[in-house]
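There are two complexes below, and they share subunit A, which is joined by subunit B in the first and by subunit C in the second.
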Partner chain A sequence: MNEKTSTIRSKAKALLSLHSWSGIVLGMLLYAVIFTGTVAVVADEIGEWSNSNYPQKLLIKTNVNETVNRLAENTPQEYLDEISVYENDRQQLVYFFHTHKQNPSGDMDEFGIQYKINANGETISQQEGFGSDLFEQEDTYALSRFLVSIHTELHIPSPWGLILTGILGLAMLIASVSGFMMHRHLFTDMFAIRKQRDGKSLKRDSHTVAGTWSIPFAILLAFTGSFFSFSASFGLPAMGIVAFGGDQEALMYTLVGEQQNKSEVPMDSSNVNLMLSDAVKRQSSIPSFVSISHFGTESASLLAFFMPNEGKVGFEQLVYNATNGDFIEHKPLVGTVPSAGSVILSLIYPIHFGTFAGLFSKIIWVALGIAACYVTITGLQLYAHRNEKANSSRWFSRMCVWGFWGLPLCSLSSAFGFFISGSLGLNQSFWTPLTFVIAAAIISILTLAIKNISLLKKVLLVGSGLFCLLLPILRFTSSGVSWLQALQHNMVAMMFIEFILLACSALCFYSLYRTLQVKNNADITESPSLSSQEVV
Partner chain B sequence: MNASYMQFLKNRRFWLSGPATLLVSLFTMFAMAVWFPPGVGKVNNIMMPLVMLPLIWALLFFYTYLTADMRKAQWLLVILFTINSIILAYQFWG
Partner chain C sequence: MNHLIMTLPFILFSLIIILLLAYTDPRRRQIFNKADIKGNTKFTMRPFTRKILAWSLLLPIIPLIIMANYAGILMYSGALTVVGWFVSELPSSII
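On to the complex of A and B.
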């Protein structure tokens, strides 16, 4: 009996040690990935908000068939291999006529001509290049793309950024699973904040409660996140080497589910508009994008891709025979016939990004993401508290303030950079990340210059509160779209982001008010000690 | 750097739960492309190992980290490594 108890105790001790170290060693980076991941959940909404846009349903409201045929006449034959069409956040339809070839990095890429067409069918711009380059230079998505990119790769060159975020996913898996295994009273821990507690004890209770609520979510996200990172960085190519002897093209054809030898015999394609109307009727929603393969040949086909629809969790792909307009099949996400691998893959994205029930599930995902951020913050703060007497701990506390309060401020600054560079007609794809870097440099200098950590935290809080307050105003001055117009046009995404920003601003100023109030009370009762100033 | 920070390098469990577990998990994933049933869609042997990598790693990691019998854990990793290496060797050179 004694031996059994001692084994349980030593395992509990080992789990606690594992939980602490996985958090401490990678905690700050983990916080960066979780915070930006929380933002990435609403990346589509940020894209619409930053362009003061709302979906115009141009894919069904404009004459896509006429435009495709008109553009095809003036486009080199080789680029008719594949035509992708989607609506961007600036009320334009983007037509990308392309073929596939290796880019300078050695990766298979799309190469062709991209046309941007407005609602009246007029060509706004025309650019030739690799798909990855065109997307990188696309100003429409400069802000949302930048924020998502921090989450997925931490802006570290490929594949290292992806590998690092994959490792962070595994660290999160360790921390959450060990946290789960350590709990002896899982259900009571969900409500374990003791009112009479304060300081370190309150922080420990808060860490436990937030951690307990977010454990299932953290495990799911850590698992799906590390899958995304590892499969994109080395997993898929490595599986291609093992299963197809390194023939990456054969691997892609197996996954995409397309026959390798297509007939290129010329043949008129069917009316694209009719196929789109049929797809919309079948799914009761507008496709996110459309892909037309081998246009003008007897192998022509059309694929309409739908985000998770009402009552469904996974993606939907409808395939049409583009020579006669007949509906062929609901295509699985990978391969040609339904499979376990395809079902799992189509579930992983909605689970990771919370897109399975529209804005409602995204709000829940954002809330759980904030809880996970809070768990990381309180975990590192607990470590700082535990070692508050050590000299290095003061630097650790300083680093915590720098990271926890600095990252949101830098992200808000990048939005500032996006709007101001847009107003001045500058390159938004260049200025958005640069503003982030400038803000990070200023915050780092402030972190080193301001000796009092409490004051540093207040400065960063004021900065974040002000930026959250000013961004809706800046958005309005740059686009001229008011809240009244937003309500008239049912611009839910834009209103949602503005509401979140104003709520965050109120939270920052309330938090500042509370901090000042606590300090005033402490001044009355006793003089502040060094540790209370130094520790977060 | 304080030498005490490097003490973990002398710990056998660190090598077992760290690099050895990672290596065995990767080899298991690669070998699954060979032995996992591809299904009618011919994609399960590609997608399932990728999805299962974090799970395989987590299972092996927690087992090797928490087990009292290190020798047993060590043998488990050796057996898994050997089996999967043979499968991969047969796939490339067989």
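On to the complex of A and C.
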């Protein structure tokens, strides 16, 4: 019996070590990925908000057929290989006439001419280059793209950023599974949070309760996140080498499910507008983007891509024969015939980012992200709290404040940089990340300069609260779109982001008020203890 | 939009069940009693009843499957875990 008990204890100890070290070593980076992941869930809404835009449904409201034919006449023949069309966040349709070739980094990329057309059919701009470069220079998405990029790659050059986020996903998976296995009273303690003398929740209980409730989705999100990172950085290149002898083009053709030998015999294409109307009727929604292949040849086809709707979770792709306008098939995401692999792959992105049921599912996914952030924060605070007595400098507690309160403030600062640079006519794609870096440097200096950790936390709280309050005002002054206009035009995404910002501002100031209140009470009753006052 | 509206009642149902489970949770009550926090202790539930209530949280998945509302199943599962966490964090003066 004693032997059995000691075996169980040693196993529990090993699991605790695994859980602690996977969290402590990569905890701060994991928090960065989870926090920006929570923001990335509403990246589309942030894109619309930052441009004070709302979807105009230009794909069905404008004459796409006429524009495609007009632009095709003035575009080199080689770029008619593929034409992608989508609506951006500045009430324009982006037409990218392109072919595929290797970029200077050695990766297969799209290369061609990008036209931006407004609602009246006028050409606003025309640029030639690689698809990846054009997207990186696109100011419309400067803010949302920057925030998503922190989540996916931590702004570390490819493939190392992806590999690191993949490892962080695995660390989250290990922490979740080990946390689940080592907790002996998982279900009996689900609602039990003990309180400290000052009325605050006990950090250990807060960590375990939030962790217990979040376990299923922590595992799901960690797995899907790791899959994304490793498939892009390692899986696809490895598959290309093993199955296709390094031929990236052949790999892409197989994955996309397109025939390699296409007829280039000229033939008039069917009316694009009619195919789009049919696709909209079939799906009861507007496509996210349209891709026309081999335009003006007898191999011409049109693919309309739809986000999940009507209770489905995966993406939908409708393919048309663009020579006669006939509907061909609901195309699988991978390959030419339906398969389990394709179904699973089409589910992974919507499940990871919660984009399967519009704003409703995104709100739930944001809440799941907040829960995961809370688990990470309380876990690291727990470690800081336990070790601070042994460490006089309390550098770990200081680092926790720097990371937990600094990252949101830096992200808010990048939004400031986006609006101010936009108002001054500067390059928003350059200034948005730079403002983040400047804010990070200032916060780091403050962290080193302010000795009192509690004061540091208050300063960062005030900064975040003020920025959340000022951003809607800044957005209004830069675009001139008021809340009344937003309501008139049903700009749900913009109103949602402004509501979230104002709620966060209120929360920051309330938290500050509570901290000051607790301090005052502690001053009256007894001298403040280290645990209640100094630890975040 | 219909599939979203169809999911809301189930989320509200889960909220009520979780509130009941938290309110009658013996461990939670034991902690509050130890801390001399006064709450309503008259309403109790047998462990078997609590188990039935906990299992009933899975019931909404059946109609959602029948309606082929797979997005609803995911949303319900996500909301269930978030609601559970929020309810656990509520102070004893509320629940």
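In this section, the second predicted complex is superposed on the first by the 519 of 536 C-alpha atoms of A that agree within 3 Å, B and C clash if a C-alpha of one lies under 4 Å from a C-alpha of the other, contacts with A are read in each partner's own complex, and residues count from 1 in each chain.
The criterion applied here is as follows: contacts are C-beta pairs under 8 Å (C-beta built on N, C-alpha and C of every residue); 3 or more make two chains touch, one makes a residue touch a chain.
Quantities reported herein were computed from a predicted structural model and do not represent experimental measurements.
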- request: Identify whether subunit B and subunit C fit side by side or clash on subunit A in the overlaid structures.
  value: fit
Task: Look at A:V313 in the shared chain and tell me whether it touches subunit B only, subunit C only, both, or neither; answer first, second, both or neither.
output: second
Query: Does the superposition put A:W213 against subunit B (first), subunit C (second), both, or neither?
result: second
- prompt: Between subunit B (first) and subunit C (second), which does A:F223 come into contact with in this model arrangement: first, second, both, or neither?
  reply: first
Message: Let me test your reading of the model: by the given contact rule, A:N69 touches which partner, first (subunit B), second (subunit C), both or neither?
response: neither
Field: subunit B versus subunit C as contact partner of A:I351, first or second or both or neither
entry: second
- request: Using the touch definition from the top, say if A:Q485 reaches subunit B (first), subunit C (second), both or neither.
  value: neither
Message: Going by the contact rule set out at the top, does A:A367 touch subunit B (first), subunit C (second), both, or neither?
response: second
Field: subunit B versus subunit C - smallest C-alpha distance in the overlay, whole Å
entry: 20
Query: Within the complex, which stretch of subunit C touches subunit A?
result: 3-4, 7, 21-22, 25, 27-28, 30-31, 35, 67-72, 74-75, 77-79, 81-82, 84-85, 87-89
- prompt: Can you list the residues on subunit A that touch subunit C in the complex?
  reply: 188-195, 201, 206, 209-210, 213-214, 216-217, 308, 310-313, 351, 354, 356-358, 360-361, 364-365, 367-368, 371
Message: Using the touch definition from the top, list the residues of subunit B that touch subunit A in their complex.
response: 29-31, 33-34, 39-51, 53-55, 57-58, 61-62, 65-66, 68, 88, 91
Query: What residues of subunit A sit close enough to touch subunit B in their complex?
result: 7, 11, 14-15, 18, 169-170, 173-174, 177, 181, 222-223, 226-227, 230-231, 235-236, 238-239, 242-243, 251, 254-255, 332, 334-342, 344-345, 348
